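Chain lettering (A, B, C and D) follows the sequence in which the chains are written, and residue indices restart at 1 in each chain.
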Amino acid sequence: MLRLPAVVVNFKLYRQASGKNAVELAKKIDYVAKETGASVAIAVNPLDFHFVKDSVEIPVYLQHVDAVDFGARTGRINVEIAKEHGVDGILVNHSERRLKIADIEYLVSRARKVGVDTMVCTNNPSVSAAVAALGPDYIAMEPPELIGGDISVSKARPEAITETINAVKSIKEIPVLVGAGVKNGEDVRRAVELGAKGVLVASGITKARDPKAALMDLISGLM
Amino acid sequence: MLRLPAVVVNFKLYRQASGKNAVELAKKIDYVAKETGASVAIAVNPLDFHFVKDSVEIPVYLQHVDAVDFGARTGRINVEIAKEHGVDGILVNHSERRLKIADIEYLVSRARKVGVDTMVCTNNPSVSAAVAALGPDYIAMEPPELIGGDISVSKARPEAITETINAVKSIKEIPVLVGAGVKNGEDVRRAVELGAKGVLVASGITKARDPKAALMDLISGLM
Amino acid sequence: MLRLPAVVVNFKLYRQASGKNAVELAKKIDYVAKETGASVAIAVNPLDFHFVKDSVEIPVYLQHVDAVDFGARTGRINVEIAKEHGVDGILVNHSERRLKIADIEYLVSRARKVGVDTMVCTNNPSVSAAVAALGPDYIAMEPPELIGGDISVSKARPEAITETINAVKSIKEIPVLVGAGVKNGEDVRRAVELGAKGVLVASGITKARDPKAALMDLISGLM
Amino acid sequence: MLRLPAVVVNFKLYRQASGKNAVELAKKIDYVAKETGASVAIAVNPLDFHFVKDSVEIPVYLQHVDAVDFGARTGRINVEIAKEHGVDGILVNHSERRLKIADIEYLVSRARKVGVDTMVCTNNPSVSAAVAALGPDYIAMEPPELIGGDISVSKARPEAITETINAVKSIKEIPVLVGAGVKNGEDVRRAVELGAKGVLVASGITKARDPKAALMDLISGLM
C-alpha cells in the first residue's frame, strides 16, 4: 500500500519514459523520493517492468493488466502473473485504456486476493461512486478533456474534485487521487486542500526538461 | 416506466425473433399481455424496431444504443435519436454487448435526460452495486454461465439473487430483475419470492414451440 | 449495383442527417439525382433506414452491419436481416468503425451470398490491396487525417489515389472510390481524372447550408 | 528470420507456460532445438520476455504488440520498444487477439522498418490472401474451430492448407505455416507434405506431460 498523500507518475508510452529512458527516469524519481521522503510510485509498461523494478526502491505499478484467468489467452497478462513478477500495483481503466465494468470488478477482486494494489481511474464523480462500490485500493479521477493539457484539474474543475470525494465517501471510504494537467506544486496543493490524497501525473514529469526539479516542485505541494 | 413486476423478452438476433418473425412474435406477446393484464416489454434490434413498434402496444426497447453524441459517428445510434423514434427504453451492458463503465454512466445519464428508460444488465452482486450508484431505472442481473442454459438462476443461484438485491439496496433503491435460464412459471415465482421485480428472458420465449403458452406459464409466476 | 461513377453520401450521425432530418435530406438528394441523372447513393443508420428508404428511389446503404450469424447476439444486426429489410448495400470498415480483418472477410462473403453490395473503406494503398483480395463490390479509400477536414484528398494526396488504384488493380479489378475532405466539383473532377470511380462524402453535403446546391456542384465533377 | 521449416510454440497464458514455468519450458525447448538442429521459436508474454530471452538461444517472439506510436498510450507497447528490448519477432492477429486490418498493416510496416519479424495469423484462405498483400514475413493459418482441439488441421482440413498456400502464392511468395490441433509428428509431416513451411503449436507442447518428448515427436515430422 502507498503512504498517502502520494504522487503517482504514469510513464505511458512516452519515448522519454520507455526502454532505457524509463530506467533513467525511474532512477531520478527514486532519488527525489528518497531525498524528500515523499511517497512516490511509478507505472510502466510490462516490457520495461523488470529493468525498472531492479533499479529503484519505490513501488512500481503496471499501467494495465488484462481481466483474464490463465489459459488460452494469447497476448494477455493477468494479475496472478503480475504478482509472481513482483508488481506492486496496477492502474485500472485509465482513460487511454477504458475497461468494461465487469472486467474492472474482476481485476479489483483478483488483485485483492493475490495482494496487488489497484488504482482505478475514473472520469467524473458519478463513475467514481460506482467504482467505489467495487472496493479498489485507490480511485484516481481525471476529467478526460484536461488530460495532457495545460490547465490542471485543480484550477479548471475544483468542484469535480470535491464532488468526487463526496460521492466516493457516500459509498465507501476509499482514498481519491486526482489527475489531468497537473504540472506544479500549486496544482498539487490545491488538490490536497480539497481533500485529494495525491495526484496522478504523466507529461508534467515525463516530458519535463528537468524531471527531478519538476517532481521536487510537485512534491512541495504535498506538504 | 414499466409496471412491476414485469417480464422483459429479449429477442436477441434469434432467427425466430428477427425481421417478419419479430413482428409475429411481438404480436403474440402483446396479445398475451392484454389477455392477462401482465406487464410485459420486449427488446428488439434497430432495423426491426419500427415494424414491431407499429404492431404492438407493449413497451418496445432497443437491445443496445451507443454512448455517443451526434456528429461524425459512422455506424452508431444514440439515445437522442432513439427517443425521436419513440423507443421506450434500452438494454445497457447485456452480457453479449458489455460496455465500458464510462459509457454506461453516459447512457444512463443521457437517457434520463431525454426520457428513455434504462435497464442495465450485470453479472453479479458486486457489479450490480456499482451500477446502482449510476442510478438506472432497472438492474437486470444474469450470471453469465447460466445464460441460454437449461437451469434457471432461481434454482441454480438463489443466493446470487438475494445478494444482488441487498447489494443494490445498500446503494440505492432500484428495482432488480433477474435472468439466465428462466423457462417457466416456477422459475419466475421463486425469483419474485426472493425479491426480484421481474425477469429478463430470451430463448425461453423466442425458441419456444408455442411462445404464447410459454409466456402464459412465465406470467403465472408473477402473481 | 451502383452505376459508376457515383457519389455516396454518408449521413454519419450528424444531427442534420438523423431522424426527420435524414428523411428531408434524403429527399433532396433523391431529387438532385433524378434531375441530373447522376448516380447517387446514401448511407444511413438502422433506426432511420425505413423512413428514408420509403421516401426515395436512390440506393440506401447501412453504415455498418455486424459480422455475426443469427443467434444469441444481443444488440447486433447481420447481413441476412439487412437483406430482408431491403438494404441495398453496406459500408464496411469505415474509419469511424474499423473492423477486424476476419470480420471484413465474413461480411463481404455473406453479403455477396445474399445479394447486398459491399463498399469497404480503407486508409491507404496497402490496406486497399489487402481488401481487394477479399473481393468486395467497391473500395473507398480515405486518408484518415483528411476526413472531416477542409482540404480534399484530391488536392492533398493525389498520389495516394493513383497508388491505391494501381495497388488494387494488381490484385483484382475492383472500382475504387475516394473520400476525405471532398467538398466541390473540382475535388470530384480531379479524383475521377486520376481514375477514381466516384467519391464518398459526408460533411460536405450533410452540413452544407444548401445541400442541393452542394450536391449539384459535386455532381458537376463526375461528368 | 527463422530457418524453415520451423516449429513455433505459442506459450499463450497457460499456467504451465507462464512465469517461472515459462523459463523452464523455454529451456527444454531450447535444449531439444540444439539436440536436433531443428528450427524452433517460442512466443511469450511481455512480462516473461526477459527471463525467457536470457535463458535460451532460440528466437523469442512476443504474442502481441499494439499498433501505436510512442506517446500518451497508457497500457500499450509498440514495435519500436519491442525492438529495443531485443524481441526477435511478433505474432500478429492471433485468433485470441484479432486485430483491425489497418492495425495489421501498421504493425507489419513498422516491424519491417525496425527489423522485427512478423507472423500474421489468419483463419482461412481468403483472409490469408488479403494478409499476403501486406507483406508480412510469415503467415500462420489456423481454422479457429480446430484451435485447442484434438484433431489437427492436417487431418481435418488438408484442403484448407492447400488452398491457403495457393491463395497466398497468387498474391505474393510468403511462407505459410499452419496450426490448430497439431499434436504429433504425423500432423507436422502431413502439413509439410502439403506445402506448409512449419507449424504453430500451443497446448500440444505447453500442456504435454513431457514437453521434450512431445517436441521431439513434432520435429520428426519436419524432416
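Please note the rule applied: a residue touches a chain if its C-beta (ideal position, glycine included) is under 8 Å from a C-beta of that chain, and two chains touch if they have at least 3 such contacts.
Owing to the predicted nature of the structure, the values given are computational and were not obtained by experimental measurement.
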Chains touching both chain B and chain C: none
Chain located farthest away, centre of chain A as origin (C-alpha): C
Chain A and chain C: spacing of chain centres that average the CA atoms, whole Å: 42
Centroid distance [mean C-alpha coordinates] between chain B and chain A, Å: 36
Junction residues of chain A - those touching two or more other chains: none
Pairs of chains found to touch, sorted by chain label: A-B, A-D, B-C, C-D
Residue ranges of chain C touching chain B (in the complex, touch as defined): 10, 12-15, 18-20, 43, 45-51, 63-64, 68, 70-78, 81-82, 84-85, 91, 94-97, 147-148, 202-203
Interfacial residue positions of chain A with respect to chain B in the complex: 93, 98-105, 109, 122-124, 126-127, 129-135, 167, 171
